[in-house]
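Shared between the two complexes below is chain A, which pairs with chain B and chain C, respectively.
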Partner chain A sequence: MTTHIHIVKVHHLTLSFPTRKDPNPKPILNDVDFGIRDGEILGLIGNSGCGKTMTSLAIAGLLPESASITSGSIKFAGKDLLAMDPKSRRAMLGKDIGMIFQEPSTALDPLMTCGKQLEEVLTAHKDSTKTPEERRKAIIEMLETVGFTNAEEILDRYPHQLSGGQRQRVLIAGAALLKPRLLICDEPTSSLDTVTTVSILALLKDLCHKLHMTILFISHDLSAVRGFCDRVMVMKDGKIIDKDTTSDILSHPKNAYTAELLTNARLDTRLLGLEPATVDYTRSPVLTAKNITAGYGDSLFARGKNRKTDNTILHDVSLEVFPNEILGLIGSSGSGKTTLIRSLLGLLPHSGKVNIRSSSVGAIFQDPVSCLNPAHTIKWHMEEALRASGKTDNSVPRKERKAKSLAKIISVLEECGLGEQHLLRHPKELSGGQRQRVAIAMCLIQEPSLIIADEPFSSLDASSSAELLKLMTDINRERSTAFLLITHNIHIVRQICPRVIVMDSGRICEEGNTTDVLTNPKSECTSSLLDAEREIHGI
Partner chain B sequence: MSSQKTQSKRSPEASAFYIAGLILLGIVVVAFVISLFWTPYAPDATDAASKFLPPSLEHPFGTDNFGRDVLSRVMSASKYTIFISAAGVAIALILGTVSGIPAGYYGGFTDRGIMLLGNSIMCFPGILLALVAVAVFGASVTNVIWALGLVFAPTFARVCRLGTMEIKELDYITHARVMGVKPVRIMTFHIFPNLVSQLLPATVIGLANMTLFESGMSYLGLGVQPPDASFGKMLSDAQAYFRVAPWLVIFPAMMLIFYILGLYFISEGMRVSLTKGGK
Partner chain C sequence: MQSKAGYLIGKLVELLLTLLVVSLLVFTAFSIIPGDAARVMLGPEASQAQVDLLRAELGLDKPLIVRYGSWLIGLLTFNPGTSYAYHMSVGELIAQRLPVTIGMSAIAMIMVIVISYPMAVLSARKPGRFGDQVCSVIGHILFAIPPYVASLLLILLAGSLFSLLTVGNYVSPSDDFIGYVGCLILPSFAIALPKIAMSFKFLRSSIIEQRTSDYVRTSKSHGLSDFKILIRHVLPNSNVSSITIISIILSDILGGSLIVEQVFNLPGLGRLLLSAISRRDFPLLSGIVFYLAFITVILYFLSDIAASLADPRIRLK
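Take a look at the complex of A and B:
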């Protein structure tokens, strides 16, 4: 085969989703034109909905049925992909083009062992030369390449027995097994914590050199792109508006939009105007938790076998949140952060004492997709929150009460950057950032003194996170609401949290003033988190 | 109806199923609606002079062994078929949701208790159970409806329980719990509306299956009692005269097939549009 300088050449690609009502809609991809050089790592960044994923799906040939390519061509190693028949295109998938997706928890079949799933990659491509033993050997070799020291054991494990990072490694192994020339990574690290992210990125880079692969790396996380990609393209509204080498883009952005993305990603307090309230630590705390121990019960199977396993996840955790405070809670995945807040919210049985000063605690969660009920409108959500808070006055007539609550709903929505026009919308008509705002508005209408936020930023792009962060600090300042912020983004904690708690394997390993903790870490887990962060941000 | 609003999103495959289903079902429903006000002859008026008349202009579907007009009888039979299946499904649906949602929501002993009850109903052949119930309590339309409703309730309970177990883990339910919404309200206003898309196809299939059960019971003489007409009863009466008067079998059977096939097509259309087009 002749070598091409560009392994993939996308030539003036325009793509849209025509419907019967609207045969000529606004294109999702508009005149996209770029090439991926052989052996390079090309980053593709942009906010959600800008067409990054569609670009990658078009290259892989996995576009949804309703998409139609109106003009342009995609060439892979000189062959026109759009002119090929579906069968030979499918044969290319996996063999020439590999793909890794965002969510490692759902990308593996829960009923198949990892070994079986990896073997399927090989058998699907009818490599008749190989016997089962040879296939097994190849899989073990690949698992070792992706950093498993106990490859033989991993083969017989089921996906739920692996951590998120391990699963992502298995997926990478599966994608690399057939040694594809192009590997498309669609947000492979956005659901992983910082420590795992660093190791996965290092692995991908390593594989790229070892197997001579080309990588198209899609991300909304600018910090992941730094130090990993050779070149970066910036996408906005279906157009590529900027492309350059990584260092040029990230240090001297020429395009105004790229600069804005960078500012948002940096989450600079001064530029964004974030002003968290000052905290008075002499006042009595809004939330006191003492000696919380929690875990999951034994399964019926384990109970039947009379085997006592230690399922305790939290060991003797105590913490206090003061009024007006934004308390940061950091720690790697699996350190028990989520179990802790579930215990605090009373959703999990636990031992120990939780004292909350006010009647209501608000909570916002990680996933903007499932945080709102798809069957109801935003207005219903807000009314439900108001009703549940029990703050409606039953003495006034119904009509008056309705008008009053509507006015209150609108004022809270406006405070959260939404408006009256959103009242009758359904959650699916809102973006991820807007849905998180509705979730916050639902908390606010209950007037809680504390809002617990579990990784609210991790599935939002840089601009939406910056806006959400601004909203949170505004609420904190104006309504003097305390926040307990759980995140794996240390950068955010450094910017807005006066105090921070570090958790590791179910225990609080460090606690104190943010600057002190993050500049002079006393425990090992804090320093490992900081190291990972430093590596990823290239500081 | 909301079908107009969603027209643009529907795939052509689903539309074909819907149209075919609605046409077939429409024939039976139109016959039913007209029968409420008017039938060509009284459905149980005998006429000794006109026994076994083949289809003609006066009697489009012919006449039976008592000289009764088959068209009139078919029209009035559709009344019972539609009424029994609708009422039976309504009972099954109410019992199923009321037991299935708490079972899925609370889990543990509530779940085991409710499901034990449901499963013990399900491990008997449904038609046998319904027949026994009707044989014990007496053959009447009300008893048939209650028997069928009870037999079908566990199916709906299972659909509800599974859907609830999935939905209750989602953040918006956790959010509602954190906000302090009471469990009954969570189940009725937060979970139930999200189950509708799963319950709808199950309801349509339930209607079709219940019609089959009802016809089978009437055929065996334990359903609708003479002189009232029902498709199953008409078929069992007609089998003795099948050679001399085939129209006695053909027309009621055709109506029964239209009704059931129509319902199956609609549920198939729902399945296609929910899995593919609906996204």
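Take a look at the complex of A and C:
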């Protein structure tokens, strides 16, 4: 075996969050031991909460104050990081270690132009470029390196004037500005659509070669590391349980857990036992939308003046959802998917007709964290949903009614894979996947004939997504509930949706049988989505 | 994209409309209050003929819309009629009293900002630690003390223990500016106390919230020191939300000064207002109410402008 030069060496690291009540809690990181070789791209994968992010924060020295490292050491280029004082560790960030995070939409200060924020990287490290002109030049050069053709314009833009992908590029530019030797990427693409993900990964790989950087790439998506990482480590419950070259991990997993992750990531219908209901297209649709046009309104005073800008986001969109059907709706970010479902749900003013043949429509949204009220228990959420459905029988006495509704709540929760023990928990005591289940249970208790799901998987790891997907198809089959599924994961659409709609810039550009659309795409936007998909999943 | 000028013009139109509605409300309110001003001025002994004569003299016999029109013009020229009780122009009366109220509010506001900001920053450095706990307890106590109680306590303290600051003697700013500030310090402090607590609590939680935000983490990963992050990112962002609170506090202070003036025996708008109420001096009363409302509306307008300057998301849609 050849020896490698390790740029980072993590040696038997154990980390926990001790509190006054519990001075010796279960460690978050348990005897983590690995090295990052100079110049490589090392992937670190595992489900949410397994300790990936804590590992990266420990290397960067940005651990929360309540964390305590009980044993082990971290060496960066031979220097013992844990022995250094906080000030000099902070000074290493940006210069020796660069970082990119998950959520580009909130990672930039909304009050400062991108140029100023990038300049801070240079001014924070005094020995760098001196004059403002030189700094500006360096920033523009880096912005061009990360793929901006209008770098000078970007300097004066505020974050809210950029798209998600553009913001992530600005953040990458900031992290790479001083050409650090190590770049830590913590799920840099998980909130981006497939097309943007592919371009960001290509950019990172390119930067890695150009600037001779080493990358630690953290992800919960096994398919994202394919074709990107040289080596992959698998983490579970604070332990590294498997590490190997990417091709070995992905094609011949030796570890049982890795194999399980891989299966889940593939979301294979046969292995998961997904079986959507058969659809009868001759029946009348549950939802008919005709000529929906919607956009963001002007302020009171701008309305009277002649409009210079067109604020319309949706242009004349019509669609139908049939009973029992799982209709897929795909498209890149900003294509108007979310605006469309908000219009369908009546949450946004729009012109056109929406006809729903049902007493209630359920909706589940992307982020299960902020959808539930943190002050209340799951029982409260379910009771409220039940009350809102108006399906409680007011003729029976109060006590009986209460017992009845409780029984109903428990049966629905059980159907969604939760149980009586979750009734009195608060949202913060549940995992992301469990919260998404609560959201579905809240829909189900209203017995809707249609559930609109807006990217329900995007914030979940592979295992939770697989379980959720199974739940959705089960509901579809057993309750004959129709779904309108918005997603940027074409793979899922291919597996469970008989029919698909592709949207681009506020219009439906293609519609039809999933196999037809995805094998013989007729429009350009479908092909570009498919290309990105192919590149990332290697299918 | 909306232009800067467009935003400003929109806000200005909004401001003028608000003021028009305020003037209408004030006028209507004082026109429908039962009780005839002429009858009150002349007393119960006067004959109906005398009362009618006075009504004609005061213009009370004209139709409402005409009276509203002439009152509105009077407001614009800062001469909305003559006070029944003082037999002086309302504008002049208000102008005389305004320096006391405005000066007191300004000093109180400065106190609020100067004291609550550093307290909040220090407190938010280590939330939950001893210093933070002490500050929070003091905040709660201050918050619970109404301004008039604080005034009495301060008078007692200043008068009997220190005899430093003049209590009860008002000095006009044109005579002796330092004396003017000196005599307003104690009353201003009495008004400021609960507001300091309010502003402290709000700022503290807003700073703590900003400190855990994603862009702070980004700045840390860029290698910025904690102090630089506080000054350049955390404070400007918490300022955006505090601007609204500060403007609410400011209009609150204006209202709060009315009571404190009474306790400290200061010739401000508050005392003028009270005497106008007890004498049914409607021109004076409506004048004071309108101009107080006017100042409040202007303050909110300015805070909107300040918010748009501080936050590019409002400025550049």
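Throughout what follows, the second predicted complex is superposed on the first by the 522 of 539 C-alpha atoms of A that agree within 3 Å, B and C clash if a C-alpha of one lies under 4 Å from a C-alpha of the other, contacts with A are read in each partner's own complex, and residues count from 1 in each chain.
Methods note: contacts are C-beta pairs under 8 Å (C-beta built on N, C-alpha and C of every residue); 3 or more make two chains touch, one makes a residue touch a chain.
Every value quoted in this text rests on a predicted model; they were computed, and no experiment measured them.
On the shared subunit chain A, the superposed partners chain B and chain C overlap sterically. By the touch criterion defined above, A:A385 lies against chain B but remains apart from chain C after alignment on the C-alpha atoms of chain A.
Of the two partner chains placed around the shared chain by superposition, neither chain B nor chain C is touched by A:R398. Legend: residue contacts after superposition of the two complexes on their common chain; A:H209 is shown touching neither chain B nor chain C. Looking at the shared chain after the overlay, A:E120 reaches chain C, while chain B stays out of its contact range. Touched residues of chain A, counted separately for chain B and chain C, are more numerous for C. Stretch 130-138 of chain C is the one among 130-138, 166-174 or 238-246 that clashes with chain B after the shared chain A is superposed. Listed in rising order, the residues of chain B touching chain A in the complex are 8-9, 170-172, 174-181, 189-190, 193-194, 196.
Every residue of chain C that touches chain A in the complex is listed here, in rising order: 1-2, 6, 9-10, 13-14, 213-215, 217-226, 228, 232-233, 236-237, 240, 310-313, 316.
Those residues of chain A whose C-beta lies close enough to touch chain C in the complex are 60, 62, 87, 90-95, 97-99, 101, 103, 106-112, 117, 120-121, 124-125, 158, 160-161, 171, 174-175, 299-302, 305, 309. Touching chain B in their complex are the following residues of chain A: 19-21, 345, 347, 360-367, 370-376, 384-385, 387-390, 439, 442, 446.
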